[in-house]
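Each in structure tokens, the structures are laid out below.
In the two complexes below, chain A is the common chain; its partner is chain B in one and chain C in the other.
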Partner chain A sequence: MRRIAAVMGMLLLGYTTAYAEATEYQVKAAMLANFAIFVDWPPTAFSTAGSPFVACVLGDDPFGRLLEHELGERVGSRPVEIRYLKKADAAAECHMVFISRSEQHQLKPVLASLRKTGTLIVSDAGDISGFCRNGGMIGFVTERGKVRFDLNANAAAKAGLKIDSKLKRVSGSTECGEGR
Partner chain B sequence: MNRFPADQDHIPRALKRWHCTILLLITMIPANAPAAEPGFSLPEQQMTDHTAQLPARLAPLGLEKLMDIEVTTVTRVESTLGESAAAISVISQEDIRRSGASTLAELFRRVPGMNVARIDNNKWAISVRGFNDRFSNKLLVQRDGRSIYDPLFAGVFWNAVDYPLEDIERIEVIRGPGASVWGANAVNGIINIITKSAKDTRGGRLSGGGGTPEGGFGELRYGGAISAKTDYRVYAAGFGRDEQFSQMGDSHDRWHGASTGMRMDWRQDGLDTVTVQGDYLYSSAQRQDPDLEMTPPFIFLLANRSITHSGNILGRWTHQTDAQSSWSLQGYWSRFDTKQPVVEIGNNNDIYDLDFQHQFPIAQRHNFIYGFGYRYVDQAVGNSLSDNGLSLSWLKNDFSLSIYSAFLQDEYLLLPDSLKLFLGLKLEHNDFSGFEAQPTGRLLWTPTKRQTFWAAVSRAVVTPSISEDAVRLSAIPPATLPSGALLFPRVTGSPDLSSVELIAYETGYRAQVSESLSLDTALFYNEYDGLVVPVPQAVEAGFAPGTAILPLRLENRMDGETYGAEIGADWRPAKWWRLYGTYSFLKAALHADRNLPASTIAGAESAEGRSPQQQIFLQSSFDLPRDVELDAMGRFVDRLPGFVQATPSYFSVDMRVAWRPRRDLEVSVAGQNLFDDHHPEFGVSSIVAAPIVEIRRNVYAKITWWF
Partner chain C sequence: MQAFRYVHNWPIQRKLLLIILSTIVVSLLLVMAGIVSYELVTYRNRLAQEMAKVGGFIAANSAPTLAFDDAQTAQEILNTLVGSQSVAVAALYTTDGRIFASYVRPGRQTVAVPPTPGPDGTRFVGRTLELVSPVQKKGRRLGTLYLRADRATVYARLAGYAGILLVVYLAIGGGAFLLQRLLQRLVSEPLLRLSRTAESIAGGDLTAHVPVESADEIGQLAGAFNHMTAELAHSYADLEMRVQERTEKLTSALQKLRTETEERIHAVEELRKRERLLIQQSRLAAMGEMLANISHQWRQPLNVLGLKVQELGLTYKFGQLSEELLDGNVAKAMEIIQHMSQTINDFQEYLTPNKEKTRFSVDQVIAKTVSLIRENFQNQNIGIKTISADDPQITGFPNEYGQVLLNLFMNSRDAFLERGITEAQITVRSWVENERAVITITDNAGGVKEEILDKIFDAYFTTKELGKGTGVGLFMSKNIIEQNMGGRLSVRNVNGGAEFKIEV
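Our next item is the complex of A and B:
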């Protein structure tokens, strides 16, 4: 028993450095912040040069303060505004909508009401292939403890969004039927 | 939603039953994010909760680096079980990996209230809350909704159960009866092994390794997408294990086996999921079998092997009718065939099972679930041919059994958000004991989000098994009568047996003490009625002149109580350090019929001392720099005085170190029982005499490559 305690003690004292590990939703929030950079919105999506970039969370909020934290104060030159929505019809002014898992049983109607010009639709709810087929654009997939994402570039193009080639390159494939 | 692990959200029936969102919570709640609240959450609220400490921003790392970060999704397992009105433990894939265990059976050592004793290399005695035995019959074990216990003795042949451990999503262990849902034999506990959906196992994995006495093993898995809606995986695995230790010389317990299988998952719009899966398993396990002779020492133990082939095919269709209701239809066929060549004993069965269930809300406060099931068992059992059935024969060799069942349960929200009542009833008809009614009532109180109290009263039954019905087993050396004749005791099954009845009283408390510490406690008091005792009957004429038989007829002649407490704590003092510990206390008091002979009473009541009174398990898990995982596990198991030769208590240390030099490569070294050469974990079973085997120190290395 004493031997084990000694081994453990040594291990404890030796290592307290930082680790490449974070909570799932911090990583997702950080990825959303990156999407905001690698996607170009059409000029019509903003009423004035100074109007804010509106990021929305639809359904139960899984981020807490993390989304605000990761997005920072500005996207490009625009101030960031975060809205928390209960219903999809309140999403008219959103540039980016994250659909929470609480909405997974009604993804289809939610997606139908979101389909409009200028909104990037992201989710990690339920079945990503169904999400993409119904107009979802970026679906998060957690595999082997790591978050990746699948991209439906067609749907994004239809909404007038320009996706940077870097985003296309690092996106996964399969679920949305395209990508790498 | 349903008992089956529906792929979309993996909600088995019990949890659904006892609370439908538990599993969703398990898969969804991130480590430090606030639990998702129903409805609208105000950002201001979140701010006050979290202003204290925000981690460093990750966004500047860029997408590629973000994709390489390990996310901690399932760190608060204990607390997410907060809303179930039963004692539930979940063994996550991470727990499985970090345990260093190489068999399913060994995984259960970490679960409070579970009794796990390795009898030899290929045999285990596993039970929940007492009555541990190699042939324990009060535990229901299922994989992906398919029962894997054998109808022969209503228990599990652990040497014929295998699955690639890395393709298991999680294992849920429910202590206490779940008979109102799962039916007969879900008496002391239920184990649900849930494998990953094929969409979560894309790509290849090749692993292999070896050690001593672990032997050598290898495994190949490959999965992929057939279309946007359909995924599949296939696997093949094989192993050969060396023997353990016996004071009597050869322990006769080498074991090798191979398995292969597939799983396919199809889904449509998140509303329909269809799963088809099948497996084939081969196992050759050394053992010793009794052979009866008319000359001293009468009972010979012959070195033998048990050769098993088993296979199954299962299909399941789950349909989500709307946000709150769903139904599920499942059918499977399984075949099990085992032979012991030298003494020429064998048994085989085909099982066909069909199950339907439907759950839907009624009004605002009720969630209603009902289901039907039908199971047909076609079983053949063989007499021992080497000694003309002297050691083992059956009153009847072929059994065709039907089990019909129906259940319903209402989940009634008494007070919004804080008090729930669950009422459930299962009705079942089987060919041995006829109709059985198994009800339960459960109350769940969640005064705050971080605390849960629950209490339950249930009735459950153990129905007679084929063995208890018809076996004729002579495996005990004869006594010499005053006349000089040899008297052979013979365990004799009886068609007159009734079910063993359990009334269980349980209560539990769970608390999320802080972000990093959760506690789970349970207390139980079980009352058993009609436990089975081998009762001496009038002496019968023997196999040959000068011999006589003493039938030991199985009768329901014992009552008993067990009570105990289980405590589990999960503490994460730092992001890279987790401590997990459990303590289990169990006490059994059995009361055989006082009219029975004293030796019979003593023999029957000795089962009191075959499960440990106290057990402690402690695991310390470290995530070290450079992708190194280190785990150390210590376990104390109390003495087992219930055997002729008591099994001493033991303290055992297991460890595992794993290193991922690359994202697609892992190298690990694991060891069990590191500070002891060998020790026994269980005594000699009363039915079949064999030498005690001691479990050796085991060390092995393993390499895994993903492609």
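Our next item is the complex of A and C:
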């Protein structure tokens, strides 16, 4: 009950306080939800027209109920399914994977196993440029207390994902992990 | 109506200019009126469409800025509206109704951005259009876009059209001058030339000519005009020529008539004079002939008379003059003198023209005539033979008839003498043929030359030596037989001689 009350309190806080004043993961959860709508997946990523959009969190869950709240019930016409994973092997059906900071020590093998068609890989791991170099697509960065993100447009394109060009405009960089 | 009457007296050139200019001005005004009314009627729809388009574009572009809280980019996007003349106010609101970014057209800063967007949709408020549109992605609402447009665009466009119209009118004003010069050259001048030519033709100059410079109506008119003038000149000349011709013909006909009349009068006078002369000449000739014949007749009796007178003288000398001899010689002398006197009477009677037609015997006239000339002809060795049959009778003038015969005999004798014919012979035949008394007098003097055969009866025609013939004889003979007695005198050549034929 205390936990639920705390979440409710945070939710209330989120809705009543300014956006910028929301908690870090509240912002990141909202951004993940927005990535889902500004990225188009190839039709082959879904088995049927009614197949759910599967969002996965690999490692320790920093969001709690926030992600569920931000994604809502549907992305476009598809129902939303959120999976919390411990191992990268279980991410085969994920359309979007958020790699938690708990996995940053083994980022390279995790990314190697996740690199497959149709999966958007997002993380707020400490070494974002390393993350991008190894196939990470969107990395959260915090500049002067404000959460922003960098894009690895090339890696996303290789995975068959189509990122809305307008999204690139609000990103910090579209060449994350390249040319460095 | 007053204005129309005023324009009515304008020169054609100015009328044409008026028509052209008014056509241009009116059509331009109509076009402008059409454009303006179209603008005014459709601007709402067009404005709504334009706003929807602009709204859609801004919403799509500003969606990620709302999603990822990038107010700076959102402001940049709204600032691009400065290129749009329609949008006066624009604003983006977050889902919780906060103003995220806003734009007010430069120069319209007094206009306030509404604190809340109001319900979604398009609506007209007074003269402005308000568009409230959701900003969303994949069915997820990210915020709200507010746009407000006014009529500035329409007014700006109408001002633009007015400017174009003004420029065009100024251009027309300049073009009118050039157009006037062109019209003057193309229309007025040819017409004026035509008019001037018409005036000079009316003044009587039919040689006036209009140069034809074009194939248009004026050119055709000029052509027709020239043709008409030429026709007129031609007709006029033709008419004058005909009048002159007629006058000349009439004059010459009159002259000819006068001359002919004079000639005829003259000819008639001449003929009368000639006839009188002829009659006189023929009388003189006949008297000459008679005198010659009388002298021939008298020669022998005169000789005998001389002998008888000498015999009286000689017998007296020799004493042989008896009373018997004296009586006998005196009686004989008296007889001879009686005979000679008779001869004169005969000739006198012969020469006296008959006053009335009488019935007479042709043979008797032949015998009488021959007796008058026999002695004379015998001296010249010319024989006369008479062959008579039927004893033809004629009603007419016996003395004239006899004169004709005498004339013909003399003619033959002249021919004999002239040609030196020996054994000269004249044969006279008479008979009745078809109840007509016919006489032929034939000689053997060689005949008449064929080429003059039809001329020998003409007056004054003669073949004789100068001084011998008068050319009157045969002409008078023909006159007597044909005019006085209703007969016919003809000539032909037969067996080395001429044959004259009288039919009465």
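A few points about this structure:
Here, the second predicted complex is superposed on the first by the 154 of 180 C-alpha atoms of A that agree within 3 Å, B and C clash if a C-alpha of one lies under 4 Å from a C-alpha of the other, contacts with A are read in each partner's own complex, and residues count from 1 in each chain.
The definition used in the following text is that contacts are C-beta pairs under 8 Å (C-beta built on N, C-alpha and C of every residue); 3 or more make two chains touch, one makes a residue touch a chain.
Being a predicted model, the structure only gives us computed values, none of them experimental.
Touch counts on chain A: comparing chain C and chain B, the chain ahead is B. When the two complexes are overlaid on their common chain A, residue A:65 makes contact with chain B while staying clear of chain C.
Looking at the shared chain after the overlay, A:142 reaches chain B, while chain C stays out of its contact range.
Contacts of A:167 after superposition: both chain B and chain C are touched. Shared-chain residue A:90: touches no atom of chain B or chain C. When both complexes are overlaid on chain A, the residue A:34 reaches chain B and chain C alike.
Once chain A of one complex is fitted onto chain A of the other, the partner contacts of A:76 are limited to chain C, with no touch recorded for chain B. Using the contact criterion defined above for the overlaid structures, shared-chain residue A:104 touches chain B, although it does not reach chain C. When both complexes are aligned on chain A by C-alpha atoms, chain A residues 15, 19-20, 31, 33-34, 38, 72, 166-167, 170 touch chain B in the first and chain C in the second.
In the complex of the two chains, the chain A residues touching chain B come out as 1, 3-4, 7-8, 11-12, 15-17, 19-27, 29-31, 33-34, 38, 60-66, 68-72, 82, 84, 86, 100-102, 104-108, 126-127, 129-131, 133-134, 142-148, 166-167, 170, 174-175, 177.
Of all the residues in chain C, the ones that touch chain A in their complex are 60-61, 63-65, 67-70, 73, 94, 96, 137-140, 142. Per the touch definition, chain A reaches chain C in the complex via residues 15, 19-20, 31, 33-34, 36-38, 72, 74-77, 149, 164, 166-167, 169-170.
Chain contact summary for the complex, chain B toward chain A: residues 8-9, 24, 28, 30-34, 36-43, 46-47, 49-51, 54-55, 57-59, 61-64, 66-73, 200, 202, 225, 228-229, 267-270, 320, 322-324, 574-577, 620, 622-625, 630, 632, 634, 651, 653, 675, 706.
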